[in-house]
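To keep things simple, chains are lettered A, B, C and D as they appear, and every chain counts its residues starting from 1.
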Amino acid sequence: MFGNNIGKTKYHEVSNFVRGDYEKGRESGSPKMCPSCKAPLAEQDLIQNFRVCPKCQHHLSLGAWERISLLADEETFREFNGDLSSYNRLHFPDYDEKLERAQRESGLPEAIVTGTAYIEGYQVVLGVMDSRFMMSSMGAIVGEKICLAAERAIELKWPLIMVVASGGARMQEGMVSLMQMAKTSAAIERLHQAGVLYVSVLTNPTTGGVLASFASLADIVVAEPRALIGFTGPRVIEQTIKHKLPDNFQKAEFLLQHGMLDLVVDRARLKENLAQLLRMHGGRND
Amino acid sequence: MTKRQFDFENQYQIMKQKVEDLMEESRIHNIDLSEEIALLENKMARIRESKYKNLSPWERVLLSRSLDRPGAEDYIGFLCSEWIELHGDRLFGDDQAIIAGLGMFHGMPLTIVGHRKGKTTNQKLQYNFGMPHPEGFRKVMRLLKQAEKFRRPVLSFVDTSGAFPGIGAEERGQASAIAETLMAMVSVKVPVISIVSGEGGSGGALALAVGDRIVMLSNSVFSVASPETCSSILFKDAARVEDMAEASKLTAADLLELELIDEIIEEPVGGANQDFENTARLVEESILKHLRDLNDKEPDILVQERFIKYRRIGSIIQP
Amino acid sequence: MTKRQFDFENQYQIMKQKVEDLMEESRIHNIDLSEEIALLENKMARIRESKYKNLSPWERVLLSRSLDRPGAEDYIGFLCSEWIELHGDRLFGDDQAIIAGLGMFHGMPLTIVGHRKGKTTNQKLQYNFGMPHPEGFRKVMRLLKQAEKFRRPVLSFVDTSGAFPGIGAEERGQASAIAETLMAMVSVKVPVISIVSGEGGSGGALALAVGDRIVMLSNSVFSVASPETCSSILFKDAARVEDMAEASKLTAADLLELELIDEIIEEPVGGANQDFENTARLVEESILKHLRDLNDKEPDILVQERFIKYRRIGSIIQP
Amino acid sequence: MFGNNIGKTKYHEVSNFVRGDYEKGRESGSPKMCPSCKAPLAEQDLIQNFRVCPKCQHHLSLGAWERISLLADEETFREFNGDLSSYNRLHFPDYDEKLERAQRESGLPEAIVTGTAYIEGYQVVLGVMDSRFMMSSMGAIVGEKICLAAERAIELKWPLIMVVASGGARMQEGMVSLMQMAKTSAAIERLHQAGVLYVSVLTNPTTGGVLASFASLADIVVAEPRALIGFTGPRVIEQTIKHKLPDNFQKAEFLLQHGMLDLVVDRARLKENLAQLLRMHGGRND
């Protein structure tokens, strides 16, 4: 009767997921042990479990293409604007090198991948941020790709799903970066006007100007368990207030309690929960 | 050593005092130095003028943060024949880091919002050094709705080191409050003029700066993160603040060149800090000019143009 | 002594048990009383039926408050093939005294909100006995906006002794939250169907009850103040609760006669408390019927008719 | 330069007010001493000061007609719907007697007086509640007069000023009374749609269903100093939480601090502050 038993599911159900080209998605550097429970982690187990610790369910970071494999039905993801990459428009020291290294290490031109996809048969526009790329900070091109995705969603009348991770603004792009907050918020405002569904999925970590713009403006805001979500990072707050913060501060569960989230969803359940939300919003399942 | 205070004006005043002492001395001793002293004073004035024209980005950062920098209350007092401060977000509190209310400007009622830092120690504490909590942004949103209802233009003054980094602010949704303010600002169906009068720091500043026109005073700054933050995060080196102030392109001149702002108000010699009246007069003229421009526009056109203004920043498409 | 618990059902069950004991006894002793016992049982069933048909207003108050009274979660579970609970007001918290989310009803997505009292002690504490704080009402408003965006009808379940009387609730604007919810409900451009399923107590209940249709279960009540409050405030006499329950006209039948509600769902004998399935089936039919009616209307007409519905209550003008 | 020095004014400035037929407004029962500072009060002083204690500035209750004299320019108030009065529609015990006594003692047909007026030359629709009439509880006729006032304001495009005092709903009218919350909120919603200014002035006490409907829905919410304003009365809260409440709890100043009010205004300044608000909203001053 009830489709909603979020948070109660054991992870082994992941075997039901469609895998697609997930096996190729080995690009995430894998720690030797779980950062949470210190259990040793085998690469194969991690891939199997979409980078969730099989022992304590700690959700490790997922690369953009891994995430797409997790969410999109097999072979349905069509990237757009995949050729866009950033340049050092302010001639900011070291930015060229950092961009180059990020591209080399992640294999991505920028910190976000956008495209169209099907999720359990429902058409969506999907954007996925990848924190390996300069902590997925939002420069002009990240902002641009988000706006273009929102505009594609409006054009197609397909829901927009944004899987978010970010350290905030990209300081190396100065005010051009800050202004992406206004620009993406404006694009989302148009999406709301057009009556198009927008779901954001906040993953670890989602902070700063990204949280304080498009990521918080979704109709439904979902987060992964224990994800750090906050405007100001905990270290800066600790420096300001000069004492230590409680362990759960700015964690997904904390935000849920404080009214900032709709749902906290295990990675194993994410796809089916998104599909349910799409169905509830009249998504077409052809 | 990197300077942490803007001290030129102080030094200049000390010098000036010394020249006056010399003049006095010479008068007592009946030695006529008036010609030489006039030359000296002239030279000094030129040095001062040139200094203020050529402040480094970091000096502008310091000047914009100086205690004697005029703030929203000062401009409101100068610009408005009447003023009513309104309070509260109708949800949780009244954030005094943001001043908000109705001002009568040249016979025209305006909704005015702005950061407020305070001057005395008591005020600074009361206003939380101009660093807003979510309540402040929600008060702004409440007044934006009323501005729309009454078709009243909005004027904002930007001057904050940023939104407050604290537990309560996070608990009550600092990010969500800023995001929703950005969305409300960008879509409100009345003219919005933003004056960056002091320190424009990060998202907490931007939330009040999404105007149809962004006007910056020549010694104000606007940046994604303070030079201190940039240098400590990017280079783990607090000493690089001057570099970072330069590299971040945070001055009015840099931002105009980047087409991120619309106008610079050239402050008189000594800056707004030393010559508030003349600065305020220039602000007044600027607001009048932009209001004349914007008041004629149909609300839909106004909002559409504002959308494009922000949509095109760092965009691959040129609408 | 005034009863404080609805105990008829309990007494009836004890009686019934005694009859069964008697039957057992007679069988052991081989005395055939089957005919007499059948008559007895028949009579008892008729007494029970008649009792439930003729409950006094005060008895209905007690029944509506009983722990075994089905609540919003029960109806949602019965009515919806899928259900997603959504959380939070995006301002301060997630008030669990109000359940809110999306339900799939006969293939049609609905926004559903309702008071939630809880059954176990833990639940009751967690849900604050169904008494909302301002956050609960603000969660409802947030979902009303989305219902409008997605043109999704709204279904509400009303069952609360009232909004919570506490310091935090007052500090964070209980009154303002209720007032704004009333205004949001009355103007939302989608159909709203309100089911008073239990205890409709005061403003905290009304905030969720401003529907295009107000449907009451026959043993639910809806009142401006509880009979206890009426008797202690108006007569300084706690013993007058039964009078007050009568005088306040708080039963479904009274309220239909006063044209304040639109429909009564006649609960089966034993009430919704004893026969949830059959009650829920009637609720389902009623919702279907009203949705069919309301879904065809143009949004503007819908809102206009809703306005008139409330505007005419106790009015001198008959629009 | 600044017109806004609210709360700093000494009361003796009241001598500047236009008096109108205020002298007739002696109907308020006058206490022999100030309930706040216990200073003896002379009737003449009270009238002179619009029932503000000359010693401690405590604001005593003001009758509806006294309030109108305080606010409306001389001879400008035109009452409408002054003939409406309530009846015992539910045949509720003792209600007839209570209505009759309230009418006799207050000289009013119901707990609210509505009409048009000028305030420093600005046209307004003005409603004033009188707590001497059954604690100004909101029954059908009070709700009706509020709606009719709002509708007159829409029709004339004149601002609506509501001076509020109330113990809440009128229990003797049962659900008809409760429904006035929905009815008045609906009327105010129309006022907002029509772009008409609405200012509410909350006086001691403003509680329950009145605060939780039209009174809280104004564009600008003003209160008198120290007025008790809350949804649930302090006694009920004390019973629930089982300890005493702080002295300033639910006082106007407390609500201002908690973001629920725009302004707390001394009675001596009320007229000029309302006039200023009217001017700021383009009020016509002929």
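Assume a residue touches a chain if its C-beta (ideal position, glycine included) is under 8 Å from a C-beta of that chain, and two chains touch if they have at least 3 such contacts.
These numbers were taken from a predicted model, which means no experiment stands behind them.
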(message) Based on mean C-alpha positions, I'd like to know which chain lies farthest from subunit D.
(response) A
(message) On a C-alpha centroid basis, what's the spacing between subunit C and subunit D, in Å?
(response) 35
(message) Could you work out how far the Cα centre of subunit B sits from that of subunit C, in whole Å?
(response) 55
(request) Would you kindly tell me how far, in whole Å, the mean C-alpha position of subunit D lies from that of subunit A? (result) 52
(message) If I count partner chains per residue in subunit D, which residues reach a count of at least 2?
(response) 216, 258-260
(request) Find every residue in subunit B that makes contact with two or more other chains and list them. (result) 90-92, 172-173, 176, 180
(request) Name the graph shape formed by the protein chains and their touching pairs; answer line, ring, star, complete or other. (result) other
(message) I'd like to see which chains touch which, written out pair by pair.
(response) A-B, A-C, B-C, B-D, C-D
(request) Give every residue of subunit A touching subunit C within the complex, in rising order. (result) 1-4, 192, 195, 197, 216, 219-220, 256-263, 273, 276-277, 279-282
(message) For the complex, give me every residue of subunit A touching subunit B.
(response) 84, 89-94, 139-141, 143-144, 147, 169-183, 185-190, 208-209, 211-217, 230-232, 236-237, 240-241, 245, 249-250, 258-260
(request) Enumerate the contact residues on subunit C facing subunit A in the complex. (result) 77-78, 80-94, 101-102, 104, 109, 135, 139, 146, 149-151
(message) Per the contact definition, I'd like the list of subunit B residues that touch subunit A in the complex.
(response) 163, 165-167, 169-176, 178-180, 182-183, 185-187, 202-203, 206, 210, 222-225, 229-230, 233-234, 243, 247-250, 255, 258, 260, 307, 310-311, 313-316
(request) Write out the stretch or stretches of subunit C touching subunit B in their complex. (result) 90-92, 134, 138, 172-173, 176, 180
